[in-house]
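Here the structure is laid out as structure tokens; the discussion comes afterwards.
Chains here go by letter, A, B, C and D, matching the order in which they are written, and residues are numbered from 1 within each.
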Amino acid sequence: MSVQDRRRILGPAEAKPLRFAVDSETSIPEEGRTDDKKTGKESVFISTDLVTNANGSSYLEYMDGNSDQVLVMSSVFGPRPLRGSFQSKASVSIQFKEVTLEHFNTGEIKEICTFLTNVFNAVINIEKYPKSGIDIFIDLIQHSNSNPAEEENIIKILPTCINSITMALVDAGIEIIDLVSAGSVDNSVVAFIRNGHEIVGIWSDDDKVSDISRLIEDCRVKYLQNKQTLVQYLR
Amino acid sequence: MNTNTALQQDRHLSLETRPCSRGFEEFRDVLINDGNISRYSAKCQNANTNNVIGSSIVRSGKTFVITSITGGIVEETLSANNEDDVGEEELITLSEGSNRLAKNASVHPVVEIQRGRVGGPTDEEMITSERLHKTLLHSGILKKTALRVLCGVRRTDENGKTTKIYSDEILEEERKISESNNRRWSYVLYAKIQVFSRNGPIFDLCWNSLISALKSVQLPRAFLDERAADLKIAVRTRGRSMTIRETYDILCDPEKSLPLQLNQHELGYGSNYGIIDIDPLAQLAKEENEMDVDKPTSVLLADIETEAEESSIYSKLSLITNKDGQFKSATIIGGGSKITPEMIKRCISLSKERSKDIESKI
Amino acid sequence: MGLSITEKSFLFDSLTLDPPLRTDGRGSHQFRPIEVSTDFLPNSNGSSHVILSGGSECIVSVKTKVVDHTVESELLVTDVDIQGHRDDSPLVTSMSSLISKLLKQTIDQKKLMLTKRYSFKLYIDVLVLASKSYPVSMISFAIFSALKNTWLPKLISSDDDLEVEELPTFHDYDMVKLDADAPLLFTFAIVGDSVLVDPSFEESLVSNNGLLITWYKDRATSPIRSVGLNNDNVKGFSQHHLEEAIKLIHKYAPDVERALVSSD
Amino acid sequence: MSGAISVTKRKEFWSNDLLEGDEYESDLGSDEEHDVEMSGAHDSNSGVDHQDGSIVTPGELITDDPIWMKGHGTYFLENKTYSSVVGTVSRVNRLLSVLPLKSRYIPETGDHIVGRITDVGNRRWKVDIGAKQYAVLMLGSVNLPGGVLRRKSETDELQMRNFLKEGDLLNAEVQSLFQDGSASLHTRSLKYGKLRNGTFVKVPSSLIVRSKNHTHNLPGNITVILGVNGFIWIRKSSKMDLSNSTTATGSGQSDHLPGSKNAMSVSITRLEEESSWEIYSDKNDTVTVSVRQTITRYANVIKALAHCELGITEPRIISAYEASMAYGNVGQLIESETMESLGQDVLNSEKMRGAA
């Protein structure tokens, strides 16, 4: 937001955001905190239809073993008419916004938006909605990873975003060919449909590519778990 | 506003109900919690990567507002030679004395309403942010003194062990070290207010959410590295000797923090009301004998919701009062039906109960 | 200017044959011929100009500055600009963020170290003049050949200047070649069961999905991304497609790397 | 060409050896016009007239005789006519114009062109034919299913997209020209309509030699439509192509297709029923792998001819196709050296046969 942006109240120009000193001994001792929670069971809280002016919306809270926490809300607007030239298939667009603290730069945000758009282009039955647009808005409310050393990385929240978009689409009654879910193993995420036989998206940032099949296998296991929780909620 | 919503509105009113099936003077139930978003909230795990210092989630009916407050530090520009010039000091305090507003501070809010569109802020978002900023400034809830940074000093002795000394916690003679540097800083507060499922006027909802977030704000202690406190290095640059002040950013202490001082008695909570006449023709013939048919009866509605009400009510009141009925801010727009003094009194008593109810929930 | 339904279905049937029959008869591992000219910008330390036979064209310029790396930790700044696309369009922002993240991971900062205090800071500017198909492979080829031809001024002052304050001074005209191995990004199109390398514009329109795999230090490594080459007939793919793509990359990437290197 | 990629290194433009007058590597490629004589350029206002067909550059005086009418590509300044484009001078009974070497396609009535539908509007389609403006195809000038003489009804207007929709390729004929030069098309005959079973190639329109018939049946059961606007469609020969192959097309036509003898006797009436819904269907017929390979080879051959900027005519395509047989794998045809050598083969075979 440039300084002379008169449409927002930006406060004094030369103010610098708070910077917290990270000197070693005052930060929380490493081992003490995390291992006692290591055995914590993964817990997922799902609720749908909270945003009234959206066609469908969902809210997902995901707590994994070592108290990493992702709270995400997605709302679906559409299918709604699109101006401009005729399109025989719907056009899907995804926007991502960090509601509270801002960690990721716009580049990363746009990358996952394009990635998610590609995933859901394969899943939403776009032939059924000609001349219309389906706009999906993801609002990241809270996201924390427990060990401070590892800097924020966007892959942690991808599976939860995918799950919450799937639930929002279901809530909006938009036709999808299968429930999409994803599993993530340290720095890779693989999104599956058809019980893991078909991959609709892969995003891997760690370099153990030599055993790609093991990576996909681990993600498939996580995928099946996630899908199970989604189905349980829906039934 | 097409005619049938007005007709539908009148028909509802005549049956003593509202489209949102609440009583005339019944408020939407409100739930408030801090949403575990700020770094100082109880169950927060990511304290060291989280720079939110205050937060609140307010849910009223279907609409809910998430507010997160972040901070910044700005160095105040002091007049260059004010240490010894007592007259100057006096002049400043004198002028501040008369100008009550100069003492108040405010928050810099950004209101965003989730409406399924991407783009710049709409009029409503800009107006609400501006109004929140001004109302908070004039309410005097937040004083400039509450935002003054008491800058500590971080002394790193030989083996790198750092100890932080804050002027108010230490002995007398150490105090003069930190007083010596004449630089003064103050905190700046930014509020990010997100509104979801907007279903009626949102100003009072945002105000209540902002106030409850401010109540949860903790200001982190700030300090400078010791050798930066009084270090000036002469640097020869192309013949001209110039003293540059080592630019060390002021850092915040991840552990220690102080709660933000708010003037408790100035705190007030918002509520909104609307007044509308029931068109006699639309009145169902329930009790036509005792009602003088041609005089339109006007009705007071509390907490306007649904598009029908919002578009058909022109006379609106928006009050911010504290629990014992003192006004903080009142906006009365007499657009359509007449607002009688009794109605205003009724609104005040209603808003008194409302702020008591909200206060109890924070 | 897309394709008609009849062209798409004709092309789809041809591409899903075994072996796939591509628009210009190439093999599924074969690249379109490219023209690379390097070191043609006089006032930048390294530059390359890549022209694909499909009409896509890209220019990369590498400039450098001496900075004090104790103050500035960012030693690599990349900027991607695609002609005809707004700077804040999703394609441009996601591509420049992918490429800058990738270069930060793969180019190790020690190669840029000059003295204990100072080191070179590289500014890599990519300008895509025309891009018919997904431009990321062409960009990475251009960056690769530009970095292979970057000449940095030779230091003549001493290199441990921590105690005594000394600004580095350089030789008048001798240059040292930057030895940095940049990654190569390969784009694959998945059409039915076949996996095609370097998909042309028509093939991208017909493809079910796309894959982006990095080749660095003689190994297929991360980042690996599935990427949509079109919006309207995207389908899932199977694990065997991924393995097939990685097999292709292991078999043919060395050829590409050698061809690019020998071209300077 | 081993390995997966062929990378040609372009000499640096600014390398210092350029200054010693080395051969300047111009893009025109061919060598003989390397030292183009600069005689006539300087004295542009010396009043010398340019004969027909000589190449003029913008700003060159063509004639100072005011009787000539000014056509395309010229401009007029105090009764002197100058050329405004690079091209050849053409004088047609008092109309003086300069035909540009390379420019967008200029539609003329009767041209057989290939176009792509870009817009469906009120009772008309907008068609991109590579000209300055989009051409227009009226609903009235199109064959409708159920026979040629059916009257147009409102339902047709609603169903326009069932006939032709955005992106569809069709071949048509320029029926008339509007005042602003844009074309109005018609597909009022069975040889025009939606194009199927093949692939599309685009070449500069100046390379297509205007001739009476632009649909040619080629050896290998292939038919090519050389649109005058440079849009070329290569497809598997349909029954209709074979039936009207009675016209004298290339010599190699009949012996390549022993099996198609009996198809020739298909009567025209049966073709009439074919103008049912099927002429607008989007479904391709089954095309065998060998035919697909031949189509790809033809596509590469035409691109090679365009690369060498040779005029594209049917005999040239056939001789280039036969020359390309030397390269077993179709993929090799995309290398620029192969293209250039293919171009040379065509020229040599032409010089040998003395055909114009």
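We take it that a contact is a pair of C-beta atoms (placed from the backbone, for glycine too) under 8 Å apart; a residue touches a chain by one contact, two chains touch by 3 or more.
Quick caveat: nothing in here was measured; it's all calculated off a predicted structure.
Engineer: Which chains are shared contacts of chain C and chain D?
Structural biologist: Touching chain C and chain D alike, sorted by label: A.
Engineer: Which of the two pairs, A-B or A-C, is linked by more C-beta contacts?
Structural biologist: Looking at A-B and A-C side by side, A-B shows more C-beta contacts.
Engineer: If you average the CA atoms of chain B and of chain C, how far apart do the two points sit, in angstrom?
Structural biologist: 49
Engineer: So the centre of each chain is just the mean of its C-alpha atoms; given that, what is the distance between chain A and chain B in Å?
Structural biologist: Centres of chain A and chain B (C-alpha means) sit 30 Å apart.
Engineer: Could you put a whole-Å number on the gap between the CA centroids of chain A and chain C?
Structural biologist: For chain A versus chain C, the centre distance works out to 28 Å.
Engineer: What whole-number Å value describes the gap between the mean CA coordinates of chain B and chain D?
Structural biologist: So the centroids are 70 Å from each other.
Engineer: What kind of graph do the touching chains make: line, ring, star, complete, other?
Structural biologist: Here the contact pattern is something else, fitting no line, ring, star or complete shape.
Engineer: Please list each pair of chains that are touching.
Structural biologist: Result for touching pairs of chains: A-B, A-C, A-D, C-D.
Engineer: So in the complex, the part of chain D that touches chain A is made up of which residues?
Structural biologist: Those residues of chain D that touch chain A are 119-120, 161, 165-166.
Engineer: Which of the residues in chain A come into contact with chain C in the complex?
Structural biologist: Residue positions touching the partner: 88-89, 91-92, 105-108, 110-111, 113-115, 117-119, 121-122, 126, 187-188, 192-194, 197-207, 209-210, 212-213, 216.
Engineer: Any idea which chain A residues touch chain D in the complex?
Structural biologist: Per the touch definition, chain A meets chain D at residues 85-86, 88.
Engineer: What residues on chain C touch chain D, complex-wise?
Structural biologist: For this pair, the touching residues of chain C are 1-7, 9-11, 13-14, 17, 21-27, 29-40, 42, 49, 53, 197, 252, 255-256, 258-260, 262-264.
Engineer: Hey, which residues of chain B end up touching chain A in the complex?
Structural biologist: 35-37, 44-53, 55, 62-64, 66, 68, 70-75, 108-110, 114-116, 118, 120-121, 126, 129-130, 133, 154, 161-162, 188, 190, 192, 194, 196-199, 220, 223, 249, 251-255
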